[in-house]
Amino acid sequence: MKAFFHLLGCEFRLHLRHASRNAGLILFFLLIIVLLPFAIGPEPDLLRRLAPGLIWLAALLMSLLALDDLFIADARDGTLDLMQLSTLPLPLIIAGKMLAQIAIILLAILVMLPPAAFMLGMEWTILPVLAGTFILGLPVLFLLGGVMGAITVGLRRHPALLTLLLTPLYIPALIFAVSACDAAVLRQSIWPVFCLLGAMLALLIPTAPILIAAILRQDQS
Amino acid sequence: MSLISYFANPGRFTRLAQLLIPWCAIAALCAFAIGLYLALVASPPDYQQGETVRIMYVHVPAAWIGLMLYIAMAIAAAIGLVARHALADIFCVAAAPVGASLIAVCLITGSLWGKPTWGAWWVWDARLTSVLILLLIYLGYIVLRHAFDDHEKGSKAGAIFLLIGAVNIPIVRFSVDWWHTLHQPASVLRPGGSSLPPSMLTPLLVMGLAYGLYAVCLVLLRMRTVLTQRKLEILTRAAQ
Amino acid sequence: MIPAVFALPPSFGVKDFAAHRGGSIMFDGLDFTLASGDALLVTGVNGSGKSSLLRALAGLLPAGGTAFWQCERIGLRSLEHRTHLAYIGHLDALKPELTVAAQITYWQALDPNLTAKPSTTALEFFDLNALRDCPVRLLSAGQKRRLSLCRLLLTAAPLWLLDEPATALDATGQQRLEDLIAAHRKSGGMVILATHQALALPDATRLDMNNMGSAVTGTPTLSAFERDMMDL
């Protein structure tokens, strides 16, 4: 257990040193938010109604970008070999890595939510609900993305392969997240949808690291 | 089980396939002939939709076979991962485009049917969305397999992807029951028996059989082709 | 986790060791045993399977056959084997943004096996102490290789698997490496070294990979499935 937290701390420090990459991802998120009113038209009512979905779409596209090289760097520089030969269980190492990545991106998105909501004129009352959907939904996106990233780690860089593989799996999460926000706008109960999102997350948290470890172990040459 | 492992040898399987393909093709043609006659001529028009209900006989069996093919691929993927059956992976690679095109037929004919009945070419209800997701999973699988040069690694990666995507299958099947959808609820396979009269059920089942035989014929043909391609690769590599 | 102290001097061996890649056989029927203090020198042209052999011995590549520690069968993917093992591959496993000291800490966080000895001694041995706070991306190729080899000084594992360890090393570095290997063997460790450079390895058994698999013989060796395919 102590080893896990030590590893987590090291991963955080690694991310902080690599701040330019994470900053680039957040900038990408904001740029999409900025571009969307130009694409849809500046009509305030339209933007207000669409705002939760648009913010989620921007976050989803940013996640696809972030996930594209999740394990590639480690595979390319040989750290993956070290992880496999470690006396710590590989799922534990993977869990630590992913937790660090998810935590940093989640924190950044939660900080960026008020400005994004402001730019799209979203109602302030549903901001907590939107934040809640991100807290439950973003880890789902990253855990699924981690599995697909592990599957494609040894491949030549194919332009949209990861996007194509992940889109069918992301659609349910996206539907649930946005319907939670719609329910909030209509003053209906958000708990059924939150439970669904929570169930997806609860299913993925124990299984994804083990699955990723099994896939990475097989993919060596 | 031993029968399956007997035909794990590619040579034996190809000889079996060569035997089966002509018969399947003839049977499929007959079934299509009978089915289309029953569907387009002999069956009654719907009291609400009139003649447009006849699209059902093309749309529904395509959905059935497309879905069943995915389930067969998922089972083959599991067998390939666990029991390392030599032809399980070949089956998945061969069946994927067939299944994808059947689902595409289902979506297109469904869209053509939806316009006169619902007034819309497409709606984002649970059934249509989950079938679209199924098509995307099929396409994703095809692209994934093409991205791998090493067939062994590709088969493992593809198998895992198929098994994760199999979560979608119950959603497709039960989406009309779990959510209020525009798409009509199940009328054939439901507790209490089918809600269709025999004059409509028979053409539907015959068309289902026809599509099934057609799919079997195509998949066998494609498996033979894939095996020949692989043999060519081995020979090329050995000659270098 | 400190590896268990061996009651008897360690010995490692394999029998009928075989591996294949992409359907063709890389090596087959390999047998050897290493006793305490032994070294195995693996030579061969590029592509003859030296790296694959080392990776298979480390458990990173699936392989057939059996492996033995102290004459007892062991799985090459098991925790026990990994505890007795130190593997230095082609790649340096370095993160460009970390400083030298932070890199060592990161390695130690990833693998508790690397906490058996203090890092300052390791850095001093390879003359990297002065560069403790230098980011890895600013190091030269030789310094990066020396940093990567520091892992050998952090672990107490008896078996070392070294794949081309002397690439990019200058004469001093090579000498240090040879001294390190000699000291390890003297204290009872075992070394399996794959290289096509001239490294001094006295009394080492030689294993030439050129005659394994299909590299030079010309006749291709096919897997069982491929032989089946020929019947089509």
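In order of appearance the chains are A, B and C, and numbering begins at 1 in each one.
We adopt the following convention: a residue touches a chain if its C-beta (ideal position, glycine included) is under 8 Å from a C-beta of that chain, and two chains touch if they have at least 3 such contacts.
Keep in mind it's a predicted model, so treat the numbers as computed, not measured.
If you sketch which chains touch which, every chain touches every other chain without exception. More inter-chain C-beta contacts link the pair A-B than the other of A-B and B-C. Core chain by CA centroid proximity to the global CA centroid: A. Inter-chain centre distance (chain A to chain C, centres taken as mean C-alpha positions): 37 Å. In this assembly, the C-alpha centroid of chain A lies 33 Å from the C-alpha centroid of chain B.
In this assembly, the C-alpha centroid of chain B lies 49 Å from the C-alpha centroid of chain C. The multi-chain contact residues of chain A, meaning those touching 2 or more other chains, are 221. Of all residues in chain B, those that touch two or more other chains are 150.
Shared contact sites, meaning residues of chain C that touch two or more other chains, are absent.
Within the complex formed with chain A, the residues of chain B that make contact are 129, 133-134, 136-137, 139-140, 143-144, 147-148, 150, 153, 156-157, 160-161, 164-165, 168, 171. Touching chain C in their complex are the following residues of chain A: 3, 6-7, 9-10, 13-14, 17-18, 76-79, 81-88, 93, 217, 220-221. In the complex of the two chains, the chain A residues touching chain B come out as 147-148, 151-152, 154-156, 158, 161, 164-165, 167-169, 171-172, 175, 211, 215, 218-219, 221. The touching residues of chain B, counted against chain C in their complex, run 9-11, 14, 86, 150-152, 227-228, 230-231, 234, 237-238. For chain C in complex with chain B, the touching residues are 22-24, 220, 222, 225-226, 228-232.
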